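Here it is, the structure in full.
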Amino acid sequence: MASSTTFSTWTFNLNILAPKLSKNNGGEFICRYPNGCFKQTLHSMTTSSSADIFGSNEKPVDWSRGNLSVKNGVQCRALEVGTKPSFSVGNKFQFDDVIEAQQFDRDTLSAIFDVALEMEKIEKNSRGSQILKGYLMATLFYEPSTRTRLSFESAMKRLGGEVLTTENAREFSSAAKGETLEDTIRTVEGYCDIIVMRHFENGAARRAAMTANIPVINAGDGPGQHPTQALLDVYTIQREIGKLDGIKVGLVGDLANGRTVRSLAYLLAKYENVKIYFVSPEVVKMKVDIKDYLTSRGIEWEESSDLMEVASKCDVVYQTRIQRERFGERIDLYEEARGKYIVNQDVLNVMQKHAIVMHPLPRLDEITVDVDVDPRAAYFRQAKNGLYIRMALLKLLLLGW
Amino acid sequence: MASSTTFSTWTFNLNILAPKLSKNNGGEFICRYPNGCFKQTLHSMTTSSSADIFGSNEKPVDWSRGNLSVKNGVQCRALEVGTKPSFSVGNKFQFDDVIEAQQFDRDTLSAIFDVALEMEKIEKNSRGSQILKGYLMATLFYEPSTRTRLSFESAMKRLGGEVLTTENAREFSSAAKGETLEDTIRTVEGYCDIIVMRHFENGAARRAAMTANIPVINAGDGPGQHPTQALLDVYTIQREIGKLDGIKVGLVGDLANGRTVRSLAYLLAKYENVKIYFVSPEVVKMKVDIKDYLTSRGIEWEESSDLMEVASKCDVVYQTRIQRERFGERIDLYEEARGKYIVNQDVLNVMQKHAIVMHPLPRLDEITVDVDVDPRAAYFRQAKNGLYIRMALLKLLLLGW
Amino acid sequence: MASSTTFSTWTFNLNILAPKLSKNNGGEFICRYPNGCFKQTLHSMTTSSSADIFGSNEKPVDWSRGNLSVKNGVQCRALEVGTKPSFSVGNKFQFDDVIEAQQFDRDTLSAIFDVALEMEKIEKNSRGSQILKGYLMATLFYEPSTRTRLSFESAMKRLGGEVLTTENAREFSSAAKGETLEDTIRTVEGYCDIIVMRHFENGAARRAAMTANIPVINAGDGPGQHPTQALLDVYTIQREIGKLDGIKVGLVGDLANGRTVRSLAYLLAKYENVKIYFVSPEVVKMKVDIKDYLTSRGIEWEESSDLMEVASKCDVVYQTRIQRERFGERIDLYEEARGKYIVNQDVLNVMQKHAIVMHPLPRLDEITVDVDVDPRAAYFRQAKNGLYIRMALLKLLLLGW
């Protein structure tokens, strides 16, 4: 989002929106002019610079640069953010958009997780369930992803907001007539308060965010980023294991192509004393860029072909699906890779009592169905956590901390 | 639905949800634990056992068996239900899901119809129109059926609830990647409070219900069941004729393939002194299983080739569409069957003043358009009754009697 | 819409719906019977008769004829309308449906624009944002048009109303089984309070309106009408230039096939001292019917091949897209036509300071992207005005003036 003009038309009614108002933290500075609310993208000081490891077409963005939006010749710097968020309308969220997992540092992740936890506790028809009343979210999906779309739409509605849906923007919209993404965004932003976009092209979310005067959330852009998935994965570990520092995580399956495990490895590098095990068939091994990145951050990692041994040591066994389409004609290689590492009762038997099995879903047979009843099978809870993370981000982008 | 964990997060606010609270009936026993609400499927004693006449792939379910759900080692029996429902949040509905028309006995049908009648009277912006505020329904449609979907979504919204929609789950969702229906249900139930599912496979609704911890309503599963259609048909007869005992019904058209007329014949057998006439072209006659079932229940029936004579005797002339796709290459047979029994002015002329014409819609030319203006043309009122039946079921499954 | 029976079920709660009630104007006569509300289409006296210039298949309708609806043998005349609308539930809107731009005379347009302006001022969570609470709009789209659909749905939700969506009614609905449009309308009207329909056939909207007992808005019917687009265009000129009498408008691009520019030219003829310039490649010149019509109304017009000169004189440069599909095999003619008249910095340089550039969108390269930042680029504001016009029409059709 670049700068907002909607606020003059649809003003906040704080008495309705805010269950309680937090006090200003020292250093807060919210800049609002009668004509609109000007924003900028500021990254807090602890942010690690993001290397270009998430896609070769994607230019790394210096999130700390400020990325100032200017409108009508006026500009302003956004605030420093209080360290402890509370469930309220108060301090501005330090980001205008959610484009990639890397934009969040450790402290911000922790603060977002606190908000997600508050979201879990919101009761039906309580005041908290109406904080986004009057807000409209457009789900602009250029490729269908029913799971992700329903999760975002549920999140918005659980907070009292409303939704405009298009599941097939690529085929249906003016895109088919040759309209640019930028023009589409400029039109759609006139109809809503926030855009959740799924696109087939790497970098599309950032282009949309650069154009829009309202917040944009990336719900996956091609082989690029899917930041809410990355956040819900880390949140699930925090929620299930109770910590992120010092955890041991086994990443299993297709580590070469899996956007999920690559993002997770990247985010885990923000924490201390983390140990990562890579368990994958030879043809889909974790690529060297992530390994180098982990090493550069002082994160211990090793490759293993012994799932049982890794499972016995880990706090988290993160299983992924071997995707047939990655193997082209080589069905034989696919079949070999696919059957190699299965999470089943035998794996459960060696896992520690407190450990969990995660999976981004959908799963085929890489986790056997009999695992589901074990309390350590966390993958459906993980999917549900996506709801809370998305509720938190919608709240933060529209109302602030 | 198996057992629910959503209640702990999204608790009832009874002051908002319930216009009035009914008193406990003797024998009520609602079992709620802090960790969730455990449920079971209990069938009342008058239930007739359902023979396997609705599809050869479908195993009959003993609804009276109890079908206990167990979670965390705790289980409980659901209550006996008061005989007279009132518009309130009170006694638990005796079913967790709506899967097939056979699950309802005569008394339960009557009680549901009472609730449907109350639904007709709900006024815009009255308290009644907000009883499902805060609830989310997902319409998970594996094959499109715009009419049924819109009817359910309208029902939910008329009661203040919200909707998540997917009209093309088969193509769009993870099903295309090989995810099982069970896994999809486990994910989607995390986003909503009730699932309305349409599927192309017989028995899919029951599989979904066995998996889900929230209620599931079958909106049609392939050649199997479409229970809300069956209920709205019986409700329409009750509403239009004023009784079900002692009625005479002429079923006309494609009786061999029509799911609708087969279900209707089955349900009518629950009432007394019913007489059924079958009027159909030779190639699409009513099958012997239904005839045998009616005979076994002491229901009088006869076949006739004289629509005029039948129409003059009946309270209800239930016309159906001859479906071309049933005839394969034999277009000649289709054309012959199609033109044979048309409801037109001549038929109206012999019908009694109080009688009605019904049709499940869509209609082609088996009812001529000039019939529409006659007050006895009940088919559009019948479609609208679907709204009230669905409102009633949503209310009952989510709030109880 | 023919006559309404929904009012008996979903009665107005005026205390909730109406922020303030306007006094009755002299001559008001609202006819409500317990069984329903009977309506008619009355056109005010200043209406110009609409020549058949919008499509050869379309019969002109004499909107002043009254078009009385009769139900149960009772009929009634609708009221004269007060000249000054206010934001309230009061006098009945003089139309039951919005089918074509021609149905509105100059005074009515002006009054609608006043309501649209009030819509711009509605704040989030204010009382105004809830005036359509409890109302359901169905978007029945037989061909996809994401932009138009989202605009209508946003309009409904900005006023507190709810939406039932179907984007692919042609493929998904019973239409595929041979159901007539009339039958579909009769079913869908049972589920909602107003229908917004997009169809691929000229005249479909009028057929729907003739059938429906609830209001119908035409969101485009094939090569026929798209009245809300025409209204938002005129509204944008009024809003941006401050007047409609005496304006100079240059229509540029594909004038032969563009439904938009043809409607706009027609509507502009309702105003005084208007001057229209046609600037188009030879192959897509404005057709003679519109030119004759303008002449007959005393509107000055001329054709020009000099965009720069026209741009320097006009208040509005209305650019349109040259549509490739109109040229069939003659790609050479398309390419020639396409590049001929581009709105770029050079054109901006000769335009007056107060003048604006409009475009119905989507645009390809007929307006260069560098024009977007100029304050005179009004096309995205124009798109947003569609929201306000649609909010106004929904309000007027459902609540009256």
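A, B and C label the chains in the order they appear, each numbered from 1.
Please note the rule applied: a contact is a pair of C-beta atoms (placed from the backbone, for glycine too) under 8 Å apart; a residue touches a chain by one contact, two chains touch by 3 or more.
Keep in mind that what you see is a predicted model, and the values were worked out from it rather than measured.
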item: Chains in simultaneous contact with subunit B and subunit C; value: A
item: Magnitude of the superposing rotation for subunit A and subunit C (Cα, nearest 5°); value: 120
item: Separation of mean Cα positions, subunit B and subunit A [Å, integer]; value: 40
item: Sequence positions of subunit C contacting 2 or more other chains; value: 165
item: Residue ranges of subunit B touching subunit C (in the complex, touch as defined); value: 120-126, 129, 144-147, 149-151, 153-154, 157-158, 165, 167, 321, 361-364, 369, 380, 383-384, 387
item: Parts of subunit B lying in touch with subunit A, wherever the complex brings them together; value: 9-13, 16-17, 133-136, 138, 162, 164-166, 168-169, 171-174, 177-179, 182-184, 186-188, 190-192
